[in-house]
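Input: structures, listed below.
In the two complexes below, chain A is the common chain; its partner is chain B in one and chain C in the other.
Now for the complex of A and B:
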């Protein structure tokens, strides 16, 4: 309602705005307007003609060629004139009482109001200057100009600022230029720094290697153990030793040598690592908030046998970061006095193949010197840990644990059963044939295939029967191939008989495959 | 009325181009950030990784390397030897002779003492008839299998190889690629690391071997190629592999693994029916179909990417050859997107449907068309006198600078991560190419891509009708094959 009222008010204001005013702001009436035109030599697109009706036609002035009169429906009309200053002189030659002056704007007839409005517009755009303004001395113009607020630069700035599209494009371009320049500069600086760093590393390596090898070859383990801090600090110049990069290179060098060397040298390097005070760096790495630094610390603990730091390592064994908990696990396996594998049993995260591969290597390495409690893994709540336990039995050749495995035959999931069967197969556990036979009829195709494969090596007469039964169920080609291979291994005679009685193209091709000496293991 | 419509369209296009330009800027900046994060993590992870264990570990998965060969007689023996010398414990090399007309097969038989065997296999994935499977009685070549088959194209040859393969992981490569000796160990790692998601495929970065020194199957000295086109491809490969794919890998949105060097889970490749031989973009199509399968089955998965330079190839430096390659790539992209159009903007397909597919459709498939429309639009503005030179120059500068920024960023990446182009001169040459590429080479690339569109429309190559129909599900490819057989 309020909106409607306001709009009505606005309309009223607009309607009544013109009342009480002249024909325009600058021309109070038609006389002042005509007087103004009379002062102008020409006004763009404005001209005037003289007109008089037929009834008033007189031969004398009609013959005046300066007007070039032409005849219309009801009157005579002169040619167009543009020079206002001629109006009066032209009028003098005409009978003033009956002559009309007509104005034309853009060749369209216009009344006096239209002409006034047109001149207003021209005046605003600067294309028309009032006669009084033309006559003013130059000084006044300057004064007037100085009174006006001149702001062309502001207008230009506003135009750029107000055009949002142009503004954003300009802004983005500036950003891009800066980024591109920054990147190219960064690339050059980075390359330079990197080269410098590589050069420093090389220089430090050269600096490190000679004193280090001298100590390793000239001093016994006990002598190194007895070295005082003063003796240690005199090995390398103090200024260089303070540098972070130097210490990093020293750590890498010691760890690198430790990997390559054997026996006494390893112990010497480990003692030197501690004597150089590098354990502090390892400690700070272990407490670092960036996971890559923590992994770096764990590697240092592992390589340098820093058993004192094992409690800190343990804290990371359940880390949510795969790399941290993986390395922590490897370190614990390597350094713990008792490798009871408890930490592994309690792992809540699934063990990836990558972790299993690393743990297997370490377990293989420590299995000769430490007692491993592998069966503890079978009771883990984590399926991947249980599977790893079964794999360990197989890969370490622990025939003594077959009995332990037998106990879990019926408790475990199908995937674990497949691992169990693989293990029985590798270890030649003939006593588990019943379990294998049972699994040959499993609905789980992976388990079934493993069981059929194992039956070829560990099977009995019962296995043969099951294989023949399965063959009669028209299995798919890959399964048929496994079944026939196992049958071939178990009993060549039964195999031949089966092929004779079932001489299909598939069976014959599998037979040819199995008999081909080049394809022995394919 | 028509006048109004014309000006309305002009306005509409103007707004659309403006939105598109700014989205390109935002997307590329996002890609740069994502790839930087991914590269940082990758380098951190790699710092302490010990790849020696994988070579001998019984836990590491077996890998079947499948390399199709067509008329490769001149280099096939050397290439096969190079593949057989890779450092890995459990792997086999399957070379598929795809009906070569030269002496490829005979050279292999002679060099590796091959014998035709009675290898029994069931072609689970359809391919052209296999004429013979060869193996060597010599134990030194026990890993080598040679499949001789009728010609059917690269995808068909790969399918034949997949049928024969025995291992869990398939490495599909170009036989003429140079593989680093530790390429398998590095590519296998993502398959072994993940526990919560199944890694279905791993892509590798391809390096450019033109003008480089190669010793024992590894590039020992990098040099920028001699020609402008060669150098341009160095920059382009840096952009694609070190930036683009790293970023997509970060959000698990990778839709393309290069056909020259890609690792796949065999069981999954079999489940989706192998490569689709009727498209020229078989590498991208397989990845999309595998991803689609996982999404449809609601199984968590990941497609990984390894930016290490592990595989090198010679890129075409001849303009005609390059034009044909780009034409083929564009047709491959269009065909793949067409085949799987159901996933576009479909929230059921997660990142694949909502981000990867629309990005590929807009910024890869339609990009050259949009560029041409932009050009026409500018000309129209000029004709009708509604052309703002300052705007035009501003936007042109923006696009140029974006290109400059993205390219220099990817080169910077290369320098930070690998620093292969050590020579300052090489670096300078590459920087020059970055500056000139948008003016000298990009227009040509657009034209080649447009030609690809035209060729697709007129039905050159590809499998027109089927591609128009598209796959209703990822497993449809198997049904389509059966239908085509029965006809």
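Now for the complex of A and C:
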């Protein structure tokens, strides 16, 4: 112990060489520097050698091979050592006095200041860690991390999975990525299929045109009717004709052509439609769960006169879908042999203006060839259907149904009464004047106005009295104008007398308007 | 052989018309839009033009304008579903078309009218 202390002091004295304290920022003196080196197993490009003068040469330790002494001009010098931890043990094997410890940096002899400066530089670049820092790795964690290969511990792995938040975020991200990939794949497949479908449609169109044109021009209607299934199947290649898409394109072409052709071509197309077995496609369309397919089916029935499918069409007349309902109604009106209008009577949905116009157009067309049971509509529970029935009587000029209308005069609502009065007016139903007079005093202003207007054409003396009574009740200007116009039409003398006795500015203006031959009808 | 230019975007209709006219011994040229129509009028030297009104790129009215300006002697028959629209019919006749056949039409009737025009 005593020897160790002496050796340490000797070393300190040997290397101290007079440069005192504060050799660098990190090493306050040479002793702390030496002590630091002693704690290091190796320092890059720094080694040390032992040296002693010739005068102190002793054969005993010169023969020690572990030092590999070599002779210089004035001294003996050992081989280089790098492990600082060996300094003490090496000193123990040497005579304590006169032994000098020399440091070399990049194989150049360096004094203790140079060594300190070198170690400072190494420390700054991270290539050298002070022994006390090595015991406290958290001080330079990044440096430590950079020197050690990262391997997560098992316990941390479990910790990562047990973190619910992190786990759910990771899961969502993974699901999102998977979903995105699926969507992209789906889109690519969908687009490819659509392109393929469009390509096929074009190809089928080209395939269809020539044979269809040839049949239409080369064969008469009777010849087409007599065509056998074998002849029909030989028109188009079997493998193409069996495809549903081909049949759909064929249907579109036949229906498109049917709309644009006149004469026996239409009949030929209808026969061909049946011969090609396309009715089965129409049938499946009518039973389809998608409304657009059902509408297509209904159009096909309508265009191709497929009366056998009318029972299926009737099932759709009460559909909750507006388009299906309207098309089914139009098809039934168009194709039914007896248009009894029962499907319209039982309609639970209100008829829109468009539907009424659409049905009216068909009914006008078929009314000359088919018997229409219009009165059945008056018994409908649906107000809009009853109103439509009344309008039909007016539009079709069915004077024979005035009696039927008379029966419902008292049962119907105010709006329907207004329609009834319009109809009586158009049809010149003078026998309904009592009903009109009655409606002239209605609280419903629309009904009242219609009744006053009609009274001008259909009214009687009673109507005149009611008009004068109403005029005396100081009505608003539009009503006054209608009243005076009707009075003017009914009895010009009473009108003149009224104006004379009630010569207000308003009355005189209305009179001027009614007497003006240009403004009279405005 | 008389050459007839058919300008119609509906391939089936144009094929039907072509088929019918070929039966009567006419040479036919089919084009499917207004641009091709104008190009064909200038380069094919047709003896008669049959054109639709509603077509891609150029309307039938534009085609009639072009034909009457550059080839005033070539007769034009309009074949259109706009036959019920008085304005279109009047404009076409004002521009100098010889006939207006409304769709739906009968190809045999068209063939008769073509024969009459080219006589």
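Following the convention adopted for this analysis, the second predicted complex is superposed on the first by the 267 of 522 C-alpha atoms of A that agree within 3 Å, B and C clash if a C-alpha of one lies under 4 Å from a C-alpha of the other, contacts with A are read in each partner's own complex, and residues count from 1 in each chain.
Going forward, a residue touches a chain if its C-beta (ideal position, glycine included) is under 8 Å from a C-beta of that chain, and two chains touch if they have at least 3 such contacts.
What you see is a predicted model, and the numbers here were worked out from it, not measured in a lab.
Chemist: Just checking: does A:91 make contact with chain B only, chain C only, both, or neither of them? Give me first, second, both or neither.
Modeler: The answer is neither, since A:91 touches no partner chain.
Chemist: Does chain B (first) or chain C (second) touch A:54, or do both, or does neither?
Modeler: After superposing on A, A:54 lies clear of both chain B and chain C.
Chemist: Taking the superposition on A as described, I'd like to know which of chain B and chain C A:183 touches: first, second, both or neither.
Modeler: A:183 contacts chain B only, not chain C.
Chemist: So, A:356: does it touch chain B (first), chain C (second), both, or neither?
Modeler: Once the two structures are laid over each other on A, A:356 reaches chain B alone.
Chemist: Going by the contact rule set out at the top, does A:261 touch chain B (first), chain C (second), both, or neither?
Modeler: A:261 sits against chain C, while chain B stays out of touch.
Chemist: Scan A:205 for contacts with chain B and chain C and give back first, second, both or neither.
Modeler: In the superposition, A:205 contacts chain C only.
Chemist: Mind working out whether A:365 is in touch with chain B, chain C, both or neither, as first, second, both or neither?
Modeler: It touches nothing on chain B or chain C.
Chemist: Which partner, chain B or chain C, touches the larger number of chain A residues?
Modeler: The larger set of chain A residues in touch belongs to B.
Chemist: Quick one: is A:217 in contact with chain B, with chain C, with both, or with neither? Answer first, second, both or neither.
Modeler: Touch status of A:217: second partner only.
Chemist: Considering only the contact definition stated at the top, list the common interface residues of chain A for chain B and chain C.
Modeler: Chain A residues touching both partners: none found.
Chemist: Could you list, by residue number, the parts of chain A that touch chain B in their complex?
Modeler: Listed in rising order, the residues are 165-166, 168-170, 172-173, 176-177, 179-180, 183-184, 186-187, 190-191, 194, 291-292, 295-296, 299, 322-323, 327, 349-354, 356-358, 360-361, 384, 391, 395, 476-478, 481, 506, 509-510, 512-513, 515-519, 522.
Chemist: Residue numbers of chain C touching chain A in their complex, please.
Modeler: 10-13, 15-16, 19-20, 23, 81, 103-109
Chemist: In the complex of these two chains, what residues of chain A are touching chain C?
Modeler: 205-206, 208-210, 212-214, 216-217, 253, 256-257, 259-263, 265
Chemist: Would you pull the chain B residues touching chain A in the complex into a rising list?
Modeler: 18, 22, 25, 44-45, 47-48, 50, 53-54, 57-61, 115, 117-122, 124, 135-137, 166, 189, 191-196, 390-391, 394-395, 397-398, 401-402, 404-405, 408-409, 411-412, 415-416, 419, 427, 431
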